[in-house]
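One structure is given below, encoded as structure tokens.
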Amino acid sequence: MRLLQWMSLLLVAVAAPGVVLTRDPKPQVVTLSFYGLLCALMFFIFQAPDVALSQITIGAVMLPLMILLALTRMRRHNQQKQRKGSK
Amino acid sequence: MNLRARTTLFLVSAAALAVIFVLAFLDLPPMGDYRGPYGYVVTQVAVYERHATDVVNAINYDYRAFDTLGEEFILFAAVLGVLLLFRPDDKKGHKRNSNAQEQDELPVSDALRISTQAIMGLMIVFGFYIATHGQLTPGSGFQGGVILASAPILLYLAGNVGAFEKITSSALVKVAECGGAGGYAIIGISALLAGTHFLTNFVPLGTTGDLFSSGTIAVISVCVGVEVTGGFVQLTQIYLRKIVEAELRKKS
Amino acid sequence: MILHVPYFIAAWIFLWGLYGIVTSKNLVHQVVCLAVLQTSTYVLLLTVGYKVGGTAPVFADIPVGTTVVDPLVQALMLTDIVVEATVAALLLAMVVKANELANTIDPEELRILTG
Amino acid sequence: MLTTLIPQPVAIPLIVAAFLALAGQWLGRRFCDALSIATAGATLWMTIVILREVWLQPYTYWFGNWWPRNPQVALGICFSVDAIGASIAMLVALLTTAGLIFSWKIFEDTENHFQPLMLIFMAAMCGFSYTGDLFNLFVFFELMSVSAFALCGLKTLEPAPLQGAYNFAVVNTVGAFMIVLGIGLLYAETGALNFAQIGRSLGTHAGRPVVLAFLLIAVGFMAKAAIVPFHFWLADAHAVAPSPVCVLFSGVMVELGIYAVARIYWTTFHGALAGHITALREIFLILAALTCIVGGFMCYAEHHLKRLLAFSTISHAGLMLAGIALFSPKALGGFLLYALSHGAIKGALFLCAGIVLHRLQKIGEDHLHGRGRGLWFTGALFVLGAWGLAGCWPFGTLLGESMISEDAIAHHQSWVPYLFIFVERLPRPPCCASSFGFFLDGENLRRPMKPLKSKNEPKPNKCTGELRS
């Protein structure tokens, strides 16, 4: 149990700079989702199942999904802009 | 200020901040040495007083329910804000495409369609289960609501764009969001009418461990679930709507 | 000392998130960094409420009186998660809208454009 | 009486907001306006009654009827309403009512999202000034922030408002997370969230975590109050937000940030930090002085009317911080007087600015309206307001200022009065002049373009009349 706790804490500690240093938003969504899962795992190991469930639904699914949708919408807008520009 | 200057400034202040943090944290009780008293008292009395077995939810929806009321209205205000931001051209686009909703299927393989629909059914059942069993097991209205809100997206993934559009832009979503949030506050006010303090339990507590136990905790949890479903459906649908419109236009 | 390391991890994550926000060249990236910064509060609260040998504070299968971890910090974290998700949604909407109006999501360029 | 009344300034606006957001589209614009104004007015009445009841004796209200148990462990959340919190809540309700009346005809295209957000904003600020629980304070802080971000991005046709709102949101959210860290530290030390209980539990000794917790929480709230390292968002946000929203931002939100620091200090840290008080006083006073100076200088350099007012808010925030930075009851009283009068005056000024901007924009569009008595009346009000901000007789700013100054001299900080002179007296001539110039130029520039047409001057503005009274 002790070992698991330390491992989950260290994983989160290592993953956080990883997310920050992924400068391109699209891969960053993937790392963020993974980071969210790691956090959820940590909550679970630290006996916080309620929080773990929230974290999985929000941090690992909903938030990356919203970012992905926002990115798609922005890309679409930029493409339309370019098409209009080329015409 | 350019990037380099900002980074240097940050590094200097971060170093100072790190020293302060380390110094202060060394004096905290070490991990695993929880001193209380809040946790000790509440775990002793919660099950007895509130007939709820999940103490976290007993705190969230009863002892500190007023916090949760604020929290739900944070979500409510954020949804209003997002709707406000996307107000003008979305309205036009919506009108333009309301007739295009009849032809609604995008080409995807049958295997994908059937499996996503099966998963969607599972998610809905699971979301309902989580949202209604908040007082007994981990998870509550909030988590259940988020699960329910992500179900329609599977519909979109399965290529059933028209159905997605129909479900997510119906007035029901709005009713759910406002009704859930308002209902929570109304439950609080009802306690005043019953002659006690705001958000006091005023319904029978039931038997500990039953589905219909713990009084207002279960009711509030369901309210929150309804609101969160409505709120998050709107949040995701706002982005998807534009994309959906473009795809429908491409097809017609 | 070793048992204080989780607190240091919280500070570590906080500083990394702050670093990301300060040096970000993309508003979406900045929003994600804000989410990372937020997780430092989770780590801190989790550590504060942890009790050696405690189980989850759910008395469905265990009798009242068993050693459990502190339920209050978990309730606080739940609120925290909601706050983070909603703020992020609002910020993302602003970023999308800014991109539609100014055609850029670089904070520097945006600052030049808006004066 | 009080028992049923105290939760209602928070609960009623929230319920009405949910109702309006749902049913507003079917009920029609005028009905929504009327209902929201009625709600704000009712809240104003309730806050006044509460203020009268708690004037002499603070009152503690336990939500969910969870009274503290033996030995003094509070499981629930409480509102501990005292005269200071109650009067600030009254100011909140007053300014919201004024802002809602002002916006009767301005926002036609907001799809009934504006009034619910204003009501939520008001409820959050009322809750913020009443609450007696640390985490509840954070929740209302966030509720206030989120509705403020949304209101700030109301005009979505240009990128500048969005950028202002975005910067505002990021700075404030980082501040909010610092507050959570501080709460976590305090909870680790004391295992409580109730102000009074934490205070008792800390006793008279403060370890390093407690000092850090106080600093983190204070910094988080000061980000909201636009104290110097965090001042840059305020001018952006104020310049772009619509005028009725600016009224609330400048009139109360900034004051609430400072009030929160004072409240937490007096209810929680007063005993524990007594040993560090001299150092804290120095730090806070230096921050206050910096804020005053930065705000003052930027005030000189500014010509945009709303930005001018925004920078003046920054320098006055510095003064108010000086009021609480002395950490003495008398200066706190001075702060309260100063905050109340500054809030009312600044609110009136922003409304005047709103009238001017609105009117000139209309003139620019159709050259129809004359600029007769209405605008002169507004101009006169504006100058009167500027006079009040300068801390002159008969405004409350003078009394607040003298209380703070006397107390500062008693604490051997004799330079604080000069700070007041710097902020209040020196920039006033240029400000008044520039506002005069603004009104006069507004007249002169446009006169050649079209002859004055109108006797059809719109009705004199109710909101300005009400605010001054």
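Order of writing sets the labels: A, B, C and D. Residues in every chain begin at 1.
Here is the rule we go by: a contact is a pair of C-beta atoms (placed from the backbone, for glycine too) under 8 Å apart; a residue touches a chain by one contact, two chains touch by 3 or more.
Computed from a predicted model, the values in this text were never measured in an experiment.
**Q** A-B or B-C: which has the larger count of contacting C-beta pairs?
**A** More C-beta contacts join the chains of B-C.
**Q** Cα centroid separation between chain A and chain D, in whole Å?
**A** That gives a centre separation of 36 Å.
**Q** Whole-Å distance, chain B centre to chain C centre, using C-alpha means?
**A** The answer is 16 Å.
**Q** Need the CA-centroid distance for the pair chain B / chain D, whole Å please.
**A** One centre to the other, that is 30 Å.
**Q** Quick check: what residues of chain B touch more than one other chain, meaning two or more?
**A** Answer for chain B, listing residues that touch two or more other chains: 21, 25-26, 28, 34, 36, 38-39, 42, 54, 56, 64, 67, 71, 74, 77-78, 81-82, 85, 138, 142, 235, 239.
**Q** Which positions in chain D are in touch with at least two other chains?
**A** As it turns out, chain D has residues touching two or more other chains at 135, 139, 142, 146, 149-150, 153, 156-157, 185, 187-188, 193.
**Q** Could you list which residues of chain C touch at least two other chains?
**A** 5-6, 14, 18-19, 25, 48, 50, 54, 56-58, 68-69, 72, 74, 78-79, 82-83, 86-87, 89-90, 93-97
**Q** Among all the chains shown, which pairs meet the touch rule set out at the top?
**A** A-B, A-C, B-C, B-D, C-D
**Q** Which residues, counting only chain A, touch chain C once they are in their complex?
**A** Within the complex, chain A contacts chain C at residues 9-10, 12-13, 16-17, 19-21, 23-25, 28-29, 32, 35, 39, 42-43, 46-51, 54-55, 58-59, 62-63, 66-67, 70-71, 73-74, 77-78, 81.
**Q** Hey, which residues of chain B end up touching chain A in the complex?
**A** Within the complex, chain B touches chain A at residues 54, 56-57, 130, 138-140, 142-143, 146-147, 149-150, 153, 232, 235-236, 239-240, 242-243, 246.
**Q** Residue numbers of chain B touching chain D in their complex, please.
**A** The touching residues are 20-21, 23-29, 34-39, 41-42, 45, 62-67, 69-71, 73-74, 76-78, 80-85, 87-88, 91, 174-175, 177-179, 181-182, 185-186, 188-189, 192, 196-201.
**Q** So in the complex, which bits of chain D are touching chain C?
**A** 135, 139, 142, 146, 149-150, 153, 156-160, 162-163, 165-166, 169-170, 173-174, 176-177, 180-181, 183-185, 187-188, 193
**Q** In their shared complex, at which residues does chain A touch chain B?
**A** Chain A residues touching chain B: 48-54, 57-58, 61-62, 65-66, 69-70, 72-73, 76.
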